[in-house]
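Here's the structure we're looking at; comments come further down.
Letters A, B and C mark the chains in the order given here, with residues in each chain numbered from 1 onward.
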Amino acid sequence: MTDSEKADISRLIQLLGPGILDVLSGKQIELEHVELELGELELWLPLGGGVQVHQVPTDYSNLQKNPEERKYIRPDSLLEDSFQLQDDCFPAKIREITLGATRSEGGTRDNTVTVGGSSSLPFHNPHSLPPHPPVISLDVFDTAVSMPKALKNHLTDVMYDPASWAKQNVEQYGADMITVHLLSTDPLIQDKSPKDAAKTVEEVLQAVKVPLIIGGCGDPKKDAKTFTEIAEMAEGERLLLNSVTTDMADAKTLEPVCTAADKYGHCLLGFTGLDLNSAKELNRRIYQYFPADRLLMDLTTVALGYGLEYSFSIHERARMAALMGDAELQHPTLSACTNAWSAREAWMDLGPLFGKNDLRGPLWETIGGLTLLLAGVDLFLMMHPLAVSTLKDVAGKLIKHSHTTPDQADWVSMKI
Amino acid sequence: ESRIDTPQILLDIAQTIQTISPSVHKYLVEKNLNYSLVTLGPSIRFAGYDGKRPVMNENQRDLIINSAHPLTATLYKKTEESLLIALEEHDTTERLFGIALDLGTTTVVGLLVDLLTGEIIKKASTLNRQITLGEELVTRIAIGRKEEGRKELQIAALGSVNEIIHKLTHGSGIKWNEIYDICLGGNTIMTWLLAGKDPTPLEYVDAQVESNPVLLNAETIGIDALPLTPIFCLPAVSRFVGGDAIGDILTSSMHKKTEISLLIDLGTNGEIILGNKDWMVSTSCASGPAFEGAGMRSGMRAMKGAIDTVKIDKSGQVIWHVIGDTDPKGVCGSGIIDAAAAMAHAGILDISGKLIESAPGVREGEHGLEFLLVPSHLTATGKDIVITSEDMAYLMDSKAAVLAAIIVLIKKYRLTPLDIHHVYLAGAFSSFGNIENLISFGILPEFPSAEFHRIGNGSLAGAYACLISSSLRKEATDIAKRMGYLDLLVDNDFIEEYWGALRIPEKDELFLIP
Amino acid sequence: MEKEHKKGIREISPIDVYKLLPRTNCGECGEANCMAFATKVVNGETSIVNCPPLYTQKYSKELDKLEELLAPLVQSVSFGTGGNAITIGGKHVLFRHEFTYQNPTPIAIDLSDDMAPDVISARIKRVIDFSYTYIGRPLKLDSLALRSVTKDPTRFRELVQIVCNSCQIPLILCSTEPDIIAAGLSVCAERKPLIFAITKDNWETMGELVLRYSCPVVVSAPGDLSLLRSLVKTLKEWGIDQMVLDPGTYHSDQIGKTIFQNTAIRKAACKDFDPFFGYPILGTPISVWNGQELSEELNRWQEAYLASMLITRYADLLIMHSLEGWVLLPQLIWRFGIYTDPRKPVSVDPGVRTFGNPDKNSPVLITSNYALTFFTVESDIKTAKIDCFLIVIDTGGLSVEAAVAGRYLSAVKIADSIRDMNVGDFVIHRYLIIPGLAARLSGETEEETGWRVLVGPRDSSGIGQMIRERWPPTEE
């Protein structure tokens, strides 16, 4: 293609501009007074969906000159220029999923939460904010787990009673949801029966009226039994079952879990290890037995210092691919921020220079959460109250428009 | 069972050479006694030769001086010098023959060529005896690290080469001592092993491989030709892209075109080459011999008795075609691809290429599920011909490696399949009946702007071309020198693309790179 | 617009680079040929400076073109001198998964001229000494930002003087008054400090100063991206090119503004090839101290999380106030993490490491060369105070578990390493202790090596106990 032909094409695209997406969706566009000589028409759709071609009033002609050859003179006055924020438009969006069910919907919750629904990159454009604020679920364990002091401090009274623990999380720490981790069902821990686990869940369902997430023990066979039992017991509550994995597919327990979850109206979380292709494959398998519009994804959260950047990038990539049309990734995402506590730096005594364990730990969890918030994660599993309140606070502020007072950014000559 | 019938040899040689200009020439030795005084002795010249002073040794000079009969001298013209490689009594200038060889990992093929006319007199092939020592290249490198292993490998390779020479000379009226030039195309490891070189350096990631052609003498390594018959091995680019790939390029002429071409040669090595006259890059993927029919339960070479096309009609009935129209014995590479594509289309395979238990024709076999292609009462062996789930796993793995390699190569150079205007299929691959199936099964991406060409055994054709045209040897070396090589073993994009390629593309999926 | 915009690094084809190289395939660059070199340049694995022929007269035009082609969309800006010079910016892409982020965000701690001299000295010392060892390397602070609070040029000059006498690290001089900056420059000009800042009110005089001293400068227009562009455009016209952008760091309820602004700027540079926004961005978490909040702890908390968000969202340089270890540690670690090559895990050199005073009967432990693994294991061995040999196997930087899963740690790999490192010469016994997470390799490893294999605990913190209880092995 010659340069003049290329110029014609770009003019054509400019003409179509905002209309390109319409053309793609089947609508017709009428072009008037256009004359184009085209040998070969190759329409290239640039990445980022349809980016509206804008006219930026700038003058680029000087940029090519060799700096050495020019004589510099100070301009008489400020050369005005303006900035227009462009709105990206993406061809697809993330599914919206509601968790929990009120009485009128068949459950016993006082309210439901909805996650997902983003149609643009996370916090890239103030005109394109996520339709739902991130949801935070606080952890409750059904068995004693070793915890650093910074976490244990708040929980000494309730650690041995999931129902009270859940209540404290909701009433004192503002939990939007509660995750009940049924670790006691692990064959290598207490091997509690699914019936016992269901009983625990029932207690929590009665103690708090927020939607619930049910965490298994990680054993693909046991979890299948536990989830099936609980799915039936809690029919109509629209729980989120955390999680189904490729291990379950290999152990041939994926189908029964999915079937039960679907039958009793619950949602599922697909969990894979920092690999988009594995995530897509697992999702594809799940689609065979379970509706895509009730599936969430956990792509694995790793602690700061142990690979948080992997989690960050995988979420950025997943979100971008989903918005660009990859249907297998268009599920809301979940992050287990509590993993931050597995980092030595979160709880170990590092000496006086790095003192304040009670702040360093929560900060570790907070930074993990905020980083993934910026990567588009929709639902957070957390533990420390300070981390929870900070995340809620910051997320809220990112979503709300606010007038800026320039002074707030003026730090140069302030006295501290 | 495969050895009983003659293999279907791929000999589709493109004749792109205009003038025959081999690297060896014969001249009558002129001993002119008139010229001299008794004290000086006769003047010795080669009639019609006007090049640099030929290099010869004492014995040769003595032979010329002392010979009572007229002699014919054969000169081998290298870039820097001309070597005298043979002296024969009487005028033998009409007898100038050479052999072009393709030293493949599994098969060795040879052509007997009249170097005066360029005519191919005879063709022959045999299995590479190195197979008995190790099927895979990696295994052979491991053996070749030790000296005894190296000797064994060399002897095996030589055995096969000499067997070809024997087959070619036998009954053609041409003798082993009338072979004056040998040109060989083989991958790097094959070439090194033939030369007796230690292949250990070829194990490493950043193995720097000289892009100069390996030059040998028949006597140094033990080839049944004249002792000084030169052997020109086409130059290599990297440890896995060798002279055979260069031969493919010469045959395709992609190095002369302005449009961008993609060349694919899926042998055991799987070479993929991208470029045009301005630039060229290559890579290799361990595609495995699945595409040659090896490693599959009912797989066999493409020869008489092999199923090479498969269709499954709407009622689930399997329709096949056998090479030679006899009863089927097994399935060759082409047939396997056809079968896989047909099975996918008929819903017998799921999206990840696994057999679906409930699909018609699928049953429980010895080691898992299998699909019945041909029931025993219709086969020549009396046994069912099946495609097993292990076969499918192996096939998916091979196909993912190829597709990923192609995509990574194209992506790395910031191109898309739309930029490719010619696709060359070389080697066993080029005889596949149905290119559509290669795409629908997901071995190749779609190339909407490309013309497909089949170039058959490009390695052999390239060796043949270099045999009859010395200028092509320089072209070959030039290509090897400037070609960039991408090693996929350490490439992160490849791992990702590979995992993503482990699926059979949906029908409507336009396989364009996002 | 006829002129083609500059190509981003992900659009540049190795072919584009190849066409501008000498194409003699001489090999001086260490690659097989020019095409191989071009491929590596675009991949970020080598730079054009490694092709000596390019730097000869003959190829000067091509060199210019190549430099222009490969120039990052966000300019590099340097301040400080000599071995201490810091380079910021130099980024090619928006997302780190597109291309590794270059030039990790330096952190500057502030000092103000209203501080007493002893306070100043103590603070400087703390900044210089601050260090945390992570994956075997020291993570440190990078710069000092000197603020004029008194508005007195003399006091400012004194502050700068004290700092210059105490240390060599690069400086940022902060004031919007040109004469105060001039006072500071009079004592430290040769250290090429970064000047904060040019504003719409002072651009003429401050610009003059900056040009005279050839210093890089921050262009500040809080909350007003159009003004920022106007300033940059004007200064470019004037010949000032080493600029850093300050769109203003907002906090508390206005934190969104900063996130959106930074994103808009970086996107304009990397996706729209905007030459006026193709400069590094300054983040100032120190801003939180200018809010209504009086509690120091709360301010530190906010500064801490704000700093991390700025590192994530495109800040190329940070100015902070808190010097608390707990506030700064996560920033140093996050900065390290986000700037690693997203595809290549950090690794250490393979080989044999000895701990304590091992002898011919000491245990031999196997591990992978992923940096995190190695340093974790090393630390656990040291804590357990055992004498042993640690064989670090080249798994391409993958952790034990990942390497086993990806077949980068295999019986053959172990066997080769044992042989190449001559481990048989160090010890009389023939026992190998492999990580618990590599248990499935034990049988094959015994076959490949001819040694016996003991499977150790899954976590290296259990090594001490295992050695005490099970070494030397009693069975034959």
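By our rule, a contact is a pair of C-beta atoms (placed from the backbone, for glycine too) under 8 Å apart; a residue touches a chain by one contact, two chains touch by 3 or more.
From a predicted model like this one, the values you see are computed outputs, not experimental measurements.
The touch graph of these protein chains is complete, with an edge between every pair of chains. Counting C-beta pairs in contact across B-C and across A-B gives the higher total for B-C. Averaging the CA coordinates per chain and comparing them to the mean over all protein CA atoms picks out C as nearest.
Averaged C-alpha coordinates put the centre of subunit A at 26 Å from the centre of subunit C. Subunit B and subunit C have centres, each the mean of its CA atoms, that are 48 Å apart. Centre-to-centre, using mean CA coordinates, subunit A is 51 Å away from subunit B.
Residues 42, 275-278, 281, 284, 321, 324 of subunit A are the ones that touch subunit B when the two sit in their complex. Every residue of subunit C that touches subunit B in the complex is listed here, in rising order: 10-16, 18-19, 23, 25, 32-36, 38-39, 43, 343-344, 396.
Subunit C makes touch with subunit A in their complex at residues 1-3, 95-97, 112, 114, 130, 132, 134, 147-149, 151, 174-176, 196-197, 200, 203-204, 207-208, 222-226, 228-231, 233-234, 237-239, 241, 248-257, 259-260, 263-264, 267-268, 271-272, 274-276, 284, 286-287, 289-291, 297, 301, 304-305, 308-309, 312-313, 319, 321, 324-327, 329-330, 333-334, 337-338, 340, 342, 372.
The touching residues of subunit A, counted against subunit C in their complex, run 7, 48, 56, 58, 60-64, 67, 70, 72-75, 78-83, 85-86, 123-126, 304-310, 312-313, 316-317, 320, 345, 350, 353-356, 359-360, 363-364, 366-367, 370-371, 374, 390, 394, 397-416.
Considering their complex, residues 208-209, 211, 238, 278-281, 412-415, 481-486, 490, 492 of subunit B touch subunit C.
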